[in-house]
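There are two complexes below, and they share chain A, which is joined by chain B in the first and by chain C in the second.
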Partner chain A sequence: MFKEIPRVDIQAKLTGGAKYADDMVFPRMVYGAMVRCSIAHGDILSIDAEEALKREDVLRVITYDDIPGIAGKAKERPVLVKERVRFIGDGIAIVVATSQQAAREAAAKVAVTYKELPAVFNPAEAIEDKQPAIHGVSNLEKVISMRHGDMEQGWNQAEVIIEEDVSTHRVQHAAIEPESAVALWQGDHIEVYCPPKSPFNVRRVISETLGLRINKVRLITSTVGGSFGGKDYDMSLLGSRVALIARLTGRPAKMTYNREEAITEGTKRHPYRMHYKIGAKKDGTLTGLQVDVLSDAGAYLSKSAMVGWRSCVESSGPYLIPNVHTDVTVAYTNQIYSDSLRGFGSPQVDYGIEVVMDKLAVRLDMDPLALRRKNALKDGDEHATGQILSGVSIGHCLDALEESSDYLETRKRITQFNQEQNGPLRRGFGIAALHRGEALGAGGEGIDTAGVNVHIEKDGSVLIYCGLSEVGQGCQTMMVRIVSEMLGLKPERCRVSRLDTDYVPDSGPTVASRGTVIAGNATVMAVEIIKEKIRNTLAQQKWFKKNAELIYEDEKIRLKNNPEVEVSFEEAVKLTFSNCDNLYGNGWWAAPKLVWNWEKGQGDAYFNYVYGACGCEVEVDLDTGKTKIIRFLAVHDVGTALNIEEVYGQICGGVAMGIGYSLMEEVKLRDGRIQNTNLDSYLLPTAMDIGSIEPVILQEHSAIGPLGAKGLGEPVTSIVAPAITNAISDALGTQILELPADLEHVLAASMREEQE
Partner chain B sequence: MKEQWIASETLDMLLDEIADGQKTIVAGGTDLLIQLREMDREEKPTEIADLSCIENLKRIEVTEDGLILGATVTYTDLTNSDLVRETLPMLAQAAMDVGSPQVRNKGTLGGSLANASPAADMAPVWVLLQADVVLQKKGRERVLSVAEFLTGNMTTVLEPGELIVEIRCPLWKGASMHFIKVGRRNAAAIARLNGAALLRTDGGRITDLRMAIGAATPTPLDLSDACEGLASDRSKEALDRIAKETIRRVEGISGRRASAIWKFPALENLSRRLLIDVMQKGGLNSETV
Partner chain C sequence: MKQCNLNFWLNGEQTKVSIPMTATLLDVLRDYLGMTGTKRGCEIGECGACTVLLNGQAVNSCTVLALQAQGQKVETVEGLSEGGELSSLQQSFVEEHAVQCGFCTPGMLMSSTALLRDNKNPSEEDIRRAISGNLCRCTGYMPIIKAIKKESER
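Right after this comes the complex of A and B.
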């Protein structure tokens, strides 16, 4: 196991040294403020900016007609709308002024008139005939399907069949830093500073907006104050808006959303309505599963189809089910658009299958852990996608959960606790199991690549450039770990440059928990090139015989066969440079090719799956419906833990986020308008709400990941909600099948149970 | 327009300053700052008078009038005060449930009362304990009960130019007390419901049993009269009757809103729970409950 190293960015972030986009100020800078649409669906009749333009501190008001390039591709959210507005929050104009306050005040004076169109907010209604179409002729964007085996057989073989409706709700990233961007027009190209999750997506959208070739847009990332899947398309829009101001006024420009704006405009996690039909034999063997999902994409497409694809592929959970039939329907509605949010379609279907598994366990009178173990995937099993699996560790994860939770004892203790209560408190224990496709998979084929450059400087210090963003996930520290391990150097020798799109190859989006595997492997390749160069230098110095093996450790290079022969790393660097060579290595790694049949929804969806299992003990107050998390056990197979402290950090953060999803977070909409646009009414869990989180780490070497590592960022949050609700259901004696499990839902369930 | 922040070191000076009735008063600012942020520029007050420099308003003392708490005593002061913890520990307990450490450090007892939010954490406690507020304006002092002081959702009897100076709370020696707050999370949460109960006994007999509920009606609901019957009948049925009566009164005042789906059953349970818990605290055998 590797020793832990401190995060390379931690000192700058903790001491306030790190600079965020909003910290940046340039002389003669101007500020933009948005005029947003106030109706859910309609056409703009007029925009009257006269009042705003009367102010001396207002420079101009930018509208659709001012855009040199395109405002947005079909179905994508435009930088500024032309005529049609599709949700409350669509951008209509940008007011540019010499101060942020002036811009905001003037924006409030811009009067817009509309011809209102009927709006639709319920995705089930939206796809019915004769509903107002938000794009094209229908609100049905796509049905993504998976067909495996024969459902008739699945139901015939079943001795027990249950059907349930399950639903999840709309939540948001709530990163502490709202979107912000600064742009400078440099005469022949635009320079943008912002905190993007996926810098190359943002750069592309800016180039489209300004009608510039990609090489005329330079994006330099500022410190990212949290992403969790956000700051992607939202950042593309804001980056484009600020770039527009800089291009049109010729002056440095800045826009920073306040919290209300970030919540009004920011993408959310897709709410799902799911119908499950599951069949099993009396001994628990699963025979068939049918899943119908309706996903609310909101007003624009963004990555909704890709999110739906992942949901489809993962809909059968980490279980061997010979007959599976899944349809994920993606529908448009006139409300805030949905997009990636830590889990990318996994949390919803993981919730679905895992609460339904518990319901099935009750029906079969089986222990929930035993039911899962009975059906858990094994090496050589055929996944519902038809893929033959290897490296399956769900069985070990369930073992580790049983052991770390002292499963049977815990159940016994809880039963006893409940029997002794004459007050309102009841305890419960719940579990959930996870499999999750690593990286983008076949749904994102062609872009699952990344480039990493490693530069050894003449003094032996190391500078690393990467095409994926440091969004807090620890990408930089991961690369420093790999470089320092492979070259036998102290991590302090390394610094990671912030991402500048001028200097690193387009590495696609920073998504899918793929940074460690994809960028990590690219780092390995870059270091191999450097090692080869050092090898050449040393060989020319006649330092060793051909084919001799070298060992890099303790900042020295040694001959394996004769460790007495050694040269310091710095000396080797000096020798190389004095020989007219350099020590730059460029790594480019692409995920293994995958073949997918879109029609049947069969094929190799992902090159690997990761596995996990969670257990949660809760205490529910039957009087009020209040749930208290007592302890949360999170078992994850992380492959080789490149930095154990960060693994703990990822798990604890992911669980905390999952607790918010489970118990209290909810974006509330009424007629398309978000009701809770600040963090006083959109409740995130505090340190007092998360109980005791206990990470349990399994390290089963990955055949593909760098040094055997696997991705972790999204898996840690994906099965928190079902573990918690299963625990609540256990405490209540009745199953909760919808999120969030807030005061209202839990109290209602407990009263339902009483009546029954 | 000139913007002014007026901070005086003595109460008399401040009362002079605000005598024109035009100034907005700030103590801890935990409510005012949020309200200012939500106002349009035109509606924002231009003159703000600050109480926080007046030492005398921070006092915590016991006198023959009971516990005296200055208007700018913060929740943190309350939780940290040995005097409070010895004399009226429930006050410290209720104060601990307020907001977050930052809000408790800045938020004041007087400010919260003047703001008169229906969900104020301490409001039902003051009503339960029959606390008084001392109000002053230039040349006049008056003393009112908190129940009289609070008139509705964000409204009080405070007149322009008038201030809360202190809260006087009877000590209720020998009484058992219990406070419950239900929020959506365990910190930094606004009460969805809260309530407090108080019990005095004599030789196993109830001599005084009182209860007040907050966050269900615009001002705290005093249910002490409904609890009188418990002195002679502590049966489950008697408790159920009080719980039902609680809902009946809330519905009578606030009607049945959408939130009632949760609030009414939770309120029924909460009022029952408060009574059971306070009786247990008071040593009344739970079997007889």
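Right after this comes the complex of A and C.
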């Protein structure tokens, strides 16, 4: 087990020295403010900017016609709309002024007239005939399917079959840093400073907008104030808009959204409506599962198809089910569009299967943990995708959950607590289990790659360049851990460079909890190259024989068979450089090839799955519907923990985000307009709302991850909601099947139960 | 916009600046004095990223008019470490890994500074209450609570 090392970027973040995009100022800087569409569906008839342009502090108003390149690809949200608007928030014009305030005031003076079209807000209605089509001829974008086994057999073998409707709602990233970007036109190329989750996607979209080749766009990341799946396409648009200003005015430009804009424009998690049919024998053995999902993509495509694919693949949960039939239907509506949000399609289907498992347990009169254990996947089992699994640790996760929660005692204690209550308080305990595909999987075939460059400088210090973003998750510290472990160096020798797209290879998006595995493996490869160079130098200089086995430790290089023969790391570096060589290692790692049959939805979906299990104790006030989290246990198999304290922090953060998803967060829409556009009405969990979060960290070595590590960021959020609602259901004695479990829903369920 | 002069003590230094009368303390710190450690997150006093100390009390600088600080003492995150040396509280944040993206960190540090000056031995409940006006989306608060607890026990 590794001992912890401090975060590498922490000093600047603690002293106010870290530069986020909105902290950057350049001489003669101008500011942009957006004019956004105010109707849900229609065509622009006119844009009147005369009033705005009368102001002396306004430089110009940019519209679609000013875009040198393309405003956006088909079905994607445009940088600025040409004619058709599809949701309240589409960008229509950018007002450029000498101050932010002036730009905003002037933007409010730009008058837009529209020809309104009928709009559709309900995804089920949207895909019916004769509805207004948002793109092309139909609002049905895609149906993603998985067919495994024989459903007839699944239902014939079942002794109990239940069917349930389950739904999840729309939430958002709500990173504390609102989006901001700065751009400078440098005569023949554009330089953009911004906090991107996927810097190379942002760079590509900027190049398309400005009509420049990719090498004419340089993106330098500012400190990223949280992503969680956001700052991807949102940042592509903002980056393009600010780059347009800089290109067209020739002056340094900045655009920063206020919170209302960030919420109005920022992408959301897909709301799902799900229908489950599940069959089991009386002893709990699952025989069949049918899942029908309707996903609300909102007004533009974004990554909705990939999100739906992950949902489809993971729809059967961490269970062995021989017959599975899943369809995920992706539909357009005239609403804020959905995109990646921590979990990427997992939280919705994890919620679905886990609340249905509890409902089934009640029906079978079985303990929920026993039902899960009975069906939990094992090594050699056939997943619903047809893939034969290895490295399955769900059984160990369930064991750890039972032990850490003192499961039977807790159930007993809660029953007793509830029996003793005369007032409105009831306690409940709920659990949920998870499997989740690592990295992009077959749905992102060909782009699951990353590059990391490790430079040993002449004085023996180390500079690391990585193509994946540090968004707060600790990517930089992870790489320092790997380099320092492999070379036997103190972490303080290493520094990680700010990501600059001029200096690192395109490494794809920082998504899918893939940073540690993909970039970590690229780091390992870079270090291997460096080690090979050092070996050659030392062999040439007759320090060691060419094939000698070397050990790197304590800043020295030693002969394995004879540890007394040693050379200091710095000496080895000096020798190499004085020998006309260098110590630069360029690591490039690609995920293993996966074969997938899109028609049947069968094949090898992911090169590996990670596993977890959660337990939650709640106290519900039956009179108010208020749920208090008493204790949340989060068991996750993280592989080898590269930095245990960071793992702890990431689990706690993911759980807190899941608590928000379960109990209080909800983007409320009325006729396509978001009603709660700031943090007084879109509620995030505070330190008072989270109870006691207790991570339980299992470390089962990964065969593929760097030094045995596994991805973690998203699994931790994905099964929080079902554990909490199962606990609430346990307290109420009736199953809650929709999110959020806010005051109204819980109170309504409690009153229903009372009436029955 | 009518301009006026603001005279106040910023991190112990007498500071003079000409500002519009309606500027908030946050505007003045960030846009007029270049003190960008204090963050702008919601501008309605909900997220706490802009927390500073006004005469020792934690306030959301986005909802304080700058003129309210006339002649008063203001402390920001830039004033916590002396000569590049992290303060003991900041060191506790390092040891407990209480920082991820870092955007809420300055506000968290200021709220906990105010707490620990008033209450040398806060309970966990006191700590949670003291930072309940500071939203953090990364850490789940637990490492921050541990860091403040650790600092109070030093």
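Heads up, the rule we're going with is that the second predicted complex is superposed on the first by the 756 of 756 C-alpha atoms of A that agree within 3 Å, B and C clash if a C-alpha of one lies under 4 Å from a C-alpha of the other, contacts with A are read in each partner's own complex, and residues count from 1 in each chain.
In this section, contacts are C-beta pairs under 8 Å (C-beta built on N, C-alpha and C of every residue); 3 or more make two chains touch, one makes a residue touch a chain.
Quick caveat, the model's predicted, so the values are computed rather than measured.
Colleague: Touch test for A:625: chain B only (first), chain C only (second), both, or neither?
Modeller: first
Colleague: For A:424, select first, second, both or neither according to whether it touches chain B, chain C, the two together, or no partner.
Modeller: After superposing on A, A:424 lies in contact with chain B but is clear of chain C.
Colleague: Now for A:6: first (chain B), second (chain C), both, or neither, which partner does it touch?
Modeller: A:6 contacts chain C only, not chain B.
Colleague: If you tally the residues of chain A touched by each partner, is the higher count for chain B or for chain C?
Modeller: Between chain B and chain C, the winner on chain A residue contacts is C.
Colleague: Using the superposition on chain A described above, determine whether A:226 touches chain B (first), chain C (second), both, or neither.
Modeller: Only chain C is touched by A:226; chain B is not.
Colleague: Which partner does A:664 contact after superposing on A: first (chain B), second (chain C), both, neither?
Modeller: Only chain B; A:664 stays clear of chain C.
Colleague: Which holds for A:747: it touches chain B only (first), chain C only (second), both, or neither?
Modeller: first
Colleague: Please work out whether A:177 is in contact with chain B alone, chain C alone, both, or neither, and reply first, second, both or neither.
Modeller: second
Colleague: Which partner chains sit in contact with A:686 here, chain B, chain C, both or neither? Use first/second/both/neither.
Modeller: In the superposition, A:686 contacts both chain B and chain C.
Colleague: For chain A, which residues belong to both interfaces, chain B and chain C?
Modeller: In chain A, positions 680, 686-688 sit in both the chain B and chain C interfaces.
Colleague: Along chain A, where are the residues that touch chain B in the complex?
Modeller: Result: residues 105, 422-424, 622-626, 628, 663-664, 680, 683, 685-689, 742-744, 747-748, 751 of chain A touch chain B.
Colleague: Flag every residue of chain C that touches chain A in the complex, lowest number first.
Modeller: 30, 34-44, 46-47, 49, 76-78, 80-81, 84, 86, 90, 93-106, 109, 127-129, 131-145
Colleague: Tell me, which parts of chain B touch chain A in their complex?
Modeller: The contact residues of chain B facing chain A are 34, 41, 100, 182, 184-190, 192-193, 261-262, 265-266, 269-270, 272-273, 276, 286.
Colleague: If you look only at chain A, which of its residues touch chain C in the complex?
Modeller: 4, 6-7, 9-20, 22-23, 25, 173-178, 223-228, 256, 258-259, 471-474, 645-646, 648-657, 678-680, 684, 686-688, 690, 693
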